[in-house]
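We call the chains A, B, C, D and E, going by the order they appear; numbering starts again at 1 in every chain.
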Amino acid sequence: MIIVQDLHKHFGGFHAVDGASLTIETGSITALIGPNGAGKTTLFNVIAGVLPPTSGRVVMDGEDITGLPPHVLFSKGLLRTFQIAHEFHSMTCRENLMMVPAGQSGETLWNTWFGRKRIADEERALRAKADEVLEFLTIEHLADHPAGQVSGGQKKLLELGRTMMVDAKIVFLDEVGAGVNRTLLNTIGDAIIRLNRERGYTFCVIEHDMDFIGRLCDPVIVMAEGKVLAQGTIDEIKADEAVIEAYLGTGLKNKDKLEGAEA
Amino acid sequence: MDILNAFVTLLNFVIIPATAYGAQLALGALGVTLIYGILRFSNFAHGDTMAFGTMVVILCTWGLQGAGITLGPLPTALLALPVGIAITGLLVIGTDRAVYRFYRAKKAKPVIFVIASLGVMFIMNGIVRFIIGVDDQRFADGERFIISARTFRDMTGLEEGLAFRTSQGLTIVVAIIAVVLLFWFLNRTRTGKSMRAFSDNEDLALLSGINPERVVMITWLIVAALATTAGTLYGLDKSFKAFTYFQLLLPIFAAAIVGGLGNPVGAILGGFLIAFSEVGVTYAFRKVVEYLAPGDWQPEGLLQLLSTDYKFAVSFAILLIVLLFRPTGIMKGKSV
Amino acid sequence: MTTTPDTARGPAMAPAKRVDTRAILLFAFVACLFVGTGVLQSWNTTLSIFNMALVGAIMALGVNMQWGYAGLFNVGVMGFVALGGLAAVLVSMDPVDEAWAAGGLQILLALVLGAATIVLAILAYARLAAGPLRTLAMLVILIGGFFLFRAVFDPAVARVEAVNPASTGYLGGLGLPVILAWPMGGVLAAGAAWLIGKTALGLRSDYLAIATLGIAEIIIAVMKNEDWLARGVKNVTTIPRPVPYEVDLQQSQWFIDLADRLGADVITFSSIFVKLCYASLFIVVLLALIWLSEKAWNSPWGRMMRAIRDNEVSASAMGKDVKARHLQVFVLGSAVIGMAGAMMTTLDSQLVPGTYQPLRFTFLVWVMVIVGGSGNNWGAVLGGFLIWWLWIQVEPLGALLMQGITAGMDADSWLRAHLLDSVAHMRLLTMGLILLLVLRFSPRGLIPER
Amino acid sequence: MSDTSNPYQNDRGNKDLSITRPGTGTLSSSPGTGHAMNTSQAFLIGDTMTGGYGNGPDILHDCTIAVNPGEIAVIVGPNGAGKSTAMKAVFGMLNVRQGSVRLDGEDITDLTPQARVAKGMGFVPQTNNIFASMTVEENLEMGAFIRRDDIRETMEQVYDLFPILKDKRRQPAGELSGGQRQQVAVGRALMTRPKVLMLDEPTAGVSPIVMDELFDRIIEVSRTGIPILMVEQNARQALEIADKGYVLVQGRNAHTGTGKELLADPQVRRSFLGG
Amino acid sequence: QESISLGVILGFTGPLESLAPGMASGAELAIAEVSGSGLLLGGTTVTPVRGDSTCIDASAATAAAERLITSDGVSGIVGADCSGVTTAVLTNVAVPNGMVMISPSATSPALSTAEDNGLFFRTAPSDARQGVVMSEIILGRGIDTVAVTYTNNDYGLGLADSFQAAFTEMGGTVTLVAAHEDGRADYSAEVGALASAGGDALVVAGYVDQGGSGIVQAALDSGAFETFVFPDGMVSQALVDNFGADIDGSFGQNPGTDSEGAAIFQGMATAAGFDGTSPFSAEAYDAAALILLAMQAAGSTVPSEYAGSVMDVANAPGEPILPGELARGLELLAAGQDIDYVGASAVELIGAGESAGNYREIEIQGGALTVVGFR
């Protein structure tokens, strides 16, 4: 579905993405993990058209999509969420969702004046859909709350909710889990699996929670210092020395000491 | 000889005036850029703050002159400057208390501050006119010239004169000192850094124990100093007139913005860019070419790119072009 | 932050059913101001303020579209107002045949040449690969084009401007009814806005502000110095009116009868009558614009605009074409401002480029929008009425205030004399004071965005 | 804040009025002291707090959290439960309508956040917790703003803890990756050498290895006798090192116990820790 | 005993705010004189009401005029000052309301042909005439190449145009005509261009307390020009206050006569505490006086009735009336005699009711303004 070929993104002299090549298979839930600053988000941003690449190509379904602006990619079915929540703060949570679908006839000025009936019908359907998503995310009570004034985790949920408003081909999730309650994260995980199975979404997920990755993803791609470090199933990755050293670590050093002190 | 004459002409009519004007703009722009950098709004009252400060200095200067105190070759106004700065400082801090503090507490959008500053501008405008009136005031004394056109001609025997005014010299020197000091202050001192921190993230500044009121007060004090100095130097060079100080606002803002808002070095660069494009692009090169051309050849036209009618337009056009290539100014300024 | 959950908004279409008492009270208050002026001063005064206030309200609507809807900081309002004014001249004045004969077509040719040069340069820039060749080609095209343009343009202009400079010296207009100038003003401004938007809308906040300000200054500079276009600083006066002339009315029998029947003085009534005619034309335009903008704002289009305003990056990731939408509102807003500009010039029946000052035509309109409440069409309109009323009435109010201040003073004290002498400056001071007070007590505007 | 295309760009401050203006709004009841309750003693305690943002509805209902020297107290709970709100309340950023906050026995309910910083409280908010336009080093310096002594040693300690920050110390913090920013935020708070440290989700978005390091460091800090109060969504890891755990649900204390107890409670596991 | 009021619409705020007070004082001096005499229409008292024209904002000026007429019920208007707003007030307010307006200072040639229903007059001459006079003066001094700079408005451009036409016709050369905008911060660019173009003198068709002085200052400082030619907008005490002996040898002209009227007026002004030489102050005095005298002549304060008498009282035949003699004029008129108002600026209304244009030639000598002749 997505092929990234030798992608580079440099900020001044700093190579945030430094020749990454990877493939995201259609229908997969691919994980992208790696140490902080490995260039994962930057890679996402390049793929999603937010940042222009320094060099390299991004191909989607055989079509070169390098450097296309985000809204064009959206219309091609490529969606993304943000690591740092980008809600529309003065709008209600429901509106945050309702604005998402493309091609709403009410977005054409002419229709807002002379096509009011059609808009009203569309709006009813949209609203029902938005409420459904809100309910799924357990934030239906916030439907009329300004999105700028909900808790940090709720913003992340909203972020995910937006991708559920349309039929996407591929969804890039940048750390949906950070700051989300683990029980809810499991529900989200279930949703992702369902969307993947039932509606055929392809996912690419950045996440630091290995349990979550382990439950959902295959394959797992590890990035470090702007390059792809390793790729494989979760178990292969967990066993990979390089990955352990760069990313996973070996657990708490102080843990036993702590327990010792307690004892 | 002719080459020298050509060079002197260029110096006299383009380089020196533009440099001095650029420095004047830069001094004003420093104040604007500082408020933008720390308090995060475009202060429309800056021109009238300059007028107020200058007015105080003028009144003081008259007092001093009346008492027979002068500074010899330098303008007496320099002696009065500290008083002007102090009183202007009180005024702007008072204004902050009465007006801006409220909106800061409300976390109002920058545009609200801008409009509030428009209100402050109207009021200061009125105050200045009440006190000193609307007329032209000239308060320069001391030596007007470091070197005057006639002296230069007599001295060098060249056909062309070269004039360099005391006020021009002062302005250039002061502007450079001011920008260096400000840069050092903001980037190297604890207080300066805390001001930048405040500007960056007010809430977190609070959590770091930075006292916002102090930051704001220091900002205004510096602004008062800059505004009064800029206004006084401008007044010494040209003359004081309340209306002109309001009009100065436009080129000053242009300078601050094209240089990159919030950046002191940008203010200087912006000032010079605006000044040189105003003076340079509309300059008629006929005389210069005459000196340089071989034999008796006389250019037909004025050799002027555009008529001076468009000088303001030209400087804005250049500003636009700069912004198209560097959207946040030459020095990568801030934006809110 | 007080935000009441707005359950009534329903399928976002339904107009806010909730009657906003605050807004109604405020409008009633402003209405009182106008009526009060009518009773205490004169109805003529009220109406002339009212007419300008209508124009101001339309300008405010335009700015509100740009700022309130899309967060675009346009400080070039003055330029679009002036373009609207230019349209009034170009549409309604009679063509000056002599001037056309002297070089009208040649000027047009020169303009076409100029435009072609720019298009060619842009094409060259786009088609050629970067490198010294491209730079060279661009330079050749631009410099050659410039001199060619000047060679065709300058003599023609000189000839046109020489045609009876005291009264014409320009090409004149199309000689059409002046009402047509209103939409034309909109079109002219929209065209300019499109060009500006294409190049400058990528700039952020204050940078966009200074860019638009600069463009406005350039527009004014052109209008001041290109005499062949609209007489430059020599001004075009006696622009035709869409309504009858008072002097004619004063002589028509039916009008005298009407005045008699109403028991009014013919002269006074004639000027009131004319103002009422203007007022009704303006009201029609204003209402139509409000209707259109309200419908648009309370629909998915408005929702999309708010999303873009809140967060461009995210809106673009949600498939909204931020650039195109920005361009759209920028052009629409500017068109509205341009239309208001044409209306104003029609009302003044003269085009005086020197009057276009940023303070009056840019910042005052901004004050209207902010005080009224940005993001709210009704707020902008209210702000338009209130601020314009103040702008005119602070003059007597300021004088009154000064009398109050000096009342207690010794009749021939130096201070009193000085203060009374400075009474004219109370105008701006009072304006400032009121502005700060209003802003203090409703920092989000009188009728804030919901 | 300089470039439109920077996805990390965020607004200045968190647009949350409550954070700098405790109790703006019309609530007139005097905050705190008038209704002081004293249910127990601890070094830092937010005692039976009730309150909310501005004049909105109450978010917290009789919520109590406390921590003692050498202890790590962890607050967990669903999104929107009021965890961050509780932290803000303890730090004086919003109106505590009932209950009180006490530090070392002293009632500080009426103090402004600045004053609490001066009293030695350190806080890392959940969002907007760095100075984006300033370099990493300047961020740390600002953390030490109230200190008058030599800060170099503390800075070295922070750099030891987060080596990546040393590499990036001349880079504006706004250009860092999400996890790196989190490290800067914690580093900044540590620079104060606080008497009590409050962290709102310090490990959100950091890699496992850094998370372990962070927890290690937190343990170390707590060993020096500094009480630590933190909110965590990586709840299992956090509760493992916690001396005390609070589960908040809808602004109320739902479960309280040692970390081990909560981890062992099947209902807590299922509802809040993801099974 | 009736009491009426006269409107005084001038730019008290805005770019000409420093000229307005002097002009207003002039007008109010005449009003006070008439009112104090108790002779107008059997003791009618007159009070002045000020309105702010802002000089540039046509809408504000129109509104102010509207208010004066319809709310304060003035019986005549002295003003407005700048040609642009004057036209606006005239067409939009004065003509529709049938109000008489006498401007002391609007000098644009275009106003000569404005449609005014016989309601508009001006005590200042059209700039068409000044251009010719100025050319004669310059050539008379043996100077035949000059550069010209003008303030970029209808006044400046109109004057520059008429001067250029006249000057070249008489055989002179104009090297460059460059506009300058008032109230700008810096004029080096203009001076640079003018210096490059060269010329034996620089004609400064601007305002003395605006860009005009800025240009002169910059030209002096850079040594670009040493001799300047000053038309009416520049000639004033402020000029020598500003530059003193630095501009010795420069010369110019402004409306004025060698009539004793001007001198008397200056004396009266000084006594009243303002500067009678300030530009257009005398013309303002005359404008107000003319309105009141015309009322007396027509025996009515209704504008439409006394409008026709303005020309009569202003011009011969009749007894000449000087400033300070308004009471005598009123008496004469009351007695049914004819008067020829001379006033402070030797008023002689020609054509559609504008000053014929008497100019005095001035020169700066030893840092003082000296009148060297009249034309």
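The rule is short, and it goes like this: contacts are C-beta pairs under 8 Å (C-beta built on N, C-alpha and C of every residue); 3 or more make two chains touch, one makes a residue touch a chain.
This one's a predicted model, so the numbers in the text were calculated from it and none came from an experiment.
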Intersection of contact partners for chain A and chain E: C
Chain D to chain E, fewest steps along touching chains: 2
Most remote chain, CA-based centroid, reference being chain D: E
Centroid distance [mean C-alpha coordinates] between chain D and chain C, Å: 51
Whole-Å gap separating chain B and chain E, where each centre is the average of the chain's CA atoms: 36
Separation of mean Cα positions, chain B and chain A [Å, integer]: 49
Interchain centroid distance [CA atoms averaged], chain B/chain C, Å: 31
Chain E: positions in contact with at least two other chains: 17, 21, 152, 179
Multi-partner residues of chain C (each touching 2 or more other chains): 1, 202, 204, 224-225, 313, 425, 428
Contacts with two or more other chains, residues of chain B listed in rising order: 106, 129, 133, 307, 309, 312, 327-328, 333, 335-336
Complex interface listing, chain E residues touching chain B: 14-15, 17-18, 21, 152, 176, 178-181, 183-186, 188-193, 195-198, 209, 213-214, 217-218, 221-224, 238, 241-242
Of chain A, residues touching chain C in the complex: 48, 50, 69-71, 74-75, 79-80, 82, 86-92, 95-96, 98-100, 102, 104-109, 111-113, 116, 119-120, 122-124, 127, 144-146, 149, 162
Residue numbers on chain C that touch chain E, as the complex places them: 40-45, 48-49, 52, 165-167, 224-225, 232-235, 237-238, 245-247, 267-268, 270-271, 274, 344, 348-350, 352, 354-355, 357, 360, 391-392, 395-396, 421, 423-425, 427-428
Chain C to chain B touching residues, read off their complex: 67, 73, 199-200, 202-207, 209-211, 213-215, 217-218, 221-222, 224-225, 358, 363, 366-367, 370-371, 374, 418-419, 422, 425-426, 428-429, 431-433, 435-436, 439-440, 443
Footprint of chain A on chain C - complex, ascending: 1, 3, 5-7, 11-13, 292, 295-296, 299-304, 306-307, 309-311, 313-323, 328, 449
